[in-house]
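Chain lettering (A, B, C and D) follows the sequence in which the chains are written, and residue indices restart at 1 in each chain.
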Amino acid sequence: MSTEPAEPGTESLLEAKDLELWRGERRLFSQLSFSLGTGELLHITGVNGCGKTSLLRVLCGLTLPETGEVSWRGQRVMRNRADYHAEMTYVGHRESLKGELSARENLSFDLQLRHASSPEDIDQALDRVGLARARDVMARGLSAGQKRRVSLARALASRARLWVLDEPYTNLDVPGRDFVDQVMSEHLATNGLVLLVAHQSHGVTGGRIRQLELA
Amino acid sequence: MPEFLEFGKHTTYVVSSFALVMVVLAGNVVFARRRLNALVNRTRRRLSAEEKS
Amino acid sequence: MWKFIHKFGSPPHFYRLSVVLTPWFGWAAAILITAGTLGGLYLAPPDYQQGEGFRIIYVHVPSASMSMFVYVNMALAAAVGLIWRIKLAHAVAAAAAPIGASFTFLALATGSIWAKPMWGTWWVWDARLTSELVLLFLYFGYMALRAAIDDENRADRASALLAIIGLINIPIIKYSVEWWNTLHQPATISKMGKPAMDGDMLTWLLLNIAGFMCFFIAVLLISARAEVIRRARDQKWLKQALGVT
Amino acid sequence: MEVPGLGQAFALQVGRDMRLAFRHLGQLANPLMFFIMVTTLFPLALNPSPQLLEAIAPGVVWVAALLASLLASESLFRQDVDDGTMEQLALSPQPLALMLLAKTAAHWLMTGLPLVLISPIVAYGLFLPQEAVPVTMGALALATPILSLIGGMMAALTVGLRRGGGLLSLLILPIAMPVLIFGARATDLAMTGMESVGAIYLLAALLLLAMSLSPFAMAAAMRISLD
């Protein structure tokens, strides 16, 4: 089930070598290997419950695979988490927001952990995802779509090289979806990498699109 | 009280502690054995079912 | 050296080995414990001070020493499993816990049965008995955590970490209990003073300790086999081992 | 792209947690209320004669402090794991051990420190001799962080489980017992006018051990729970 190797010429940053993962008695995938280079998007698809999210979590270093290794820039992720996490960002199912903090407070905490970011950077990130008016609204007061936009703002402003996106389109309206496609295309153009799990087809242009089907 | 279980005024204490130890140790063996056998049988059934299908 | 551990660490190899070894350890345990018990009960002279009651030592001391021995081994196996991710080590740790808890319970029970004729009360806040009680809580905590987590893999890793935390804390608990005991306990109630053991008293005690050790290994091999089956991913060797062809 | 230093990340995390805590103070009053209520139970349960209360005062204060910190540990990580922010923390470039230590420090400031500050009043209610109060406060100031750190380790282990409550206390109490022994002993010695510096040193030693080892255990436990 491994896909063809990365295009020669683009140095592969993310390497997965014969990953295997079980959920209870069921094996989700095994001998799964691939490598991802700059400017490449890996679109992971599969039926519900086939382990797409689990695979993403393994690639992020959140879940420990049964066997196999994930390495970034040739180094095992589990060995040097700080370097890897500094260059990646994860948008998961849950919005990872504190309900009692405003969108701005949430974002400023998340971003300042990664790099010095001034209040202007925060506001600019929120404006870019169309939340200019909702900067100081408590996160619990935001709609699902708005919360998803805050997560996207976090990914955009994180200056990460690798985006790991789990169903980024959920809860987004049509303009929101176009916006996601647009930023992904831009990211690929500036030799970023994207790991995408999404049921519907994406509208990403540019960069090399690769497919990984999980049985 | 059979003669060999006679330990002066401490008979009940000595006999009861040894009896308790033997019971608990035997219990461990029975528990482990039964658990292993149950698991082996269940796994055999599962595997032979898989074998057929 | 690694090749040996890796080979031994592979479940199929361990499974075959344990099937062979279990009867040996089982019989050794039976013989040693019978000899130690009979010797302790009938051949060893009664203690001049405590009379016949002191014979309980022949089961109390082996239980107490095994309760500590099993916990340390459980924690080491868990650490090996956690650090080098060897499934067999987790299986051994999971198998050892109930046996260790039984030994701890026995040490407590025989200790309090022994205390009744000596000090007239079933429970005396003696340093060693109190440490034994805390060890029992550590075992229950380990088993309760393992039972509370459904996913096998996570249960192994979480309980392994708990066992390591427990192992680091055992010396601290022992010291603090001793420290607490010497301050509160008036000197008159001597601690569970083991009467002076001369030659022929000691041999039966050592026999029993060796017997308890063999017993632990025998039951461990049985339980660990079950744990290995539960964690088996590769069906091929499992079919072979269970004779499903 | 320079990742901020450890001190900055630590302060950031403590700042955020303090701001969050002040947003809903009610939830934080529980351990404090619990501590006061438990100590008022004893005079009600027993006859409130000063001699009796004075005799049991050290034990009551310290057992109440231990149980209050146990109660507080439950809420240490549960909120963050439920809303997903812990996941982002585990994926941030900052070491998870440091961030969890920062969270525990913030949690101690909100639940442990108030216990220390209110302990004189509770001690007074139990007729604890006045000369023992400073030593008790000092010992509590050393002991409550240890209890928070132990609670943090065990909370990280059980945070993902449905029925963590009873399990959490079963895991914490055996490990927290030496703290109780040394702490109650410090108050006891001070009460009888003897020198209690020995117990204080032992508590300080336990605090150093806890501060150096438990953050890594917390991080490992959290990574296992997030698996």
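Definition applied: a contact is a pair of C-beta atoms (placed from the backbone, for glycine too) under 8 Å apart; a residue touches a chain by one contact, two chains touch by 3 or more.
This one's a predicted model, so the numbers in the text were calculated from it and none came from an experiment.
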| item | value |
| --- | --- |
| Contact-graph separation of chain B and chain C, given in steps at minimum | 1 |
| Chain occupying the most central position, where position means C-alpha average | D |
| Computed distance of Cα centres, chain B from chain A, in Å | 54 |
| Intercentroid distance (Cα basis), chain D paired with chain A, Å | 37 |
| Mean-CA-position distance for chain D and chain C (Å) | 32 |
| Centre-of-Cα separation between chain C and chain A, whole angstrom | 48 |
| Chain A residues counted as touching two or more neighbouring chains | 64 |
| Chain D: positions in contact with at least two other chains | 227 |
| Touching two or more other chains - residue numbers and ranges from chain B | none |
| Contact pairs between chains, per stated definition | A-C, A-D, B-C, C-D |
| List of chain C residues in touch with chain B within their complex | 33, 37, 41-42, 46, 51-53, 55-56, 59-60, 63, 95, 98-99, 102, 105-106, 109-110, 113-114, 116-117, 215, 218-219, 222-223, 225-226, 229-230, 235, 238-239, 242-245 |
| Chain C contact footprint on chain A (complex, rising order) | 22, 24, 27, 64, 66 |
| Contact footprint of chain C on chain B as seen in their complex | 4, 7-11, 13-14, 16-18, 20-21, 24-25, 27-29, 31-33, 35-36, 39-40, 43-44, 47-48, 50-51 |
| Footprint of chain C on chain D - complex, ascending | 153, 157-158, 160-161, 163-164, 167, 170-171, 173-175, 177-178, 181-182, 185, 202, 206, 209, 213, 217, 220-221, 224-225, 227 |
| In the complex with chain D, residue positions of chain A that touch it | 60-64, 82-83, 85-86, 88-90, 92, 94-101, 105, 109-110, 112-116, 154, 159 |
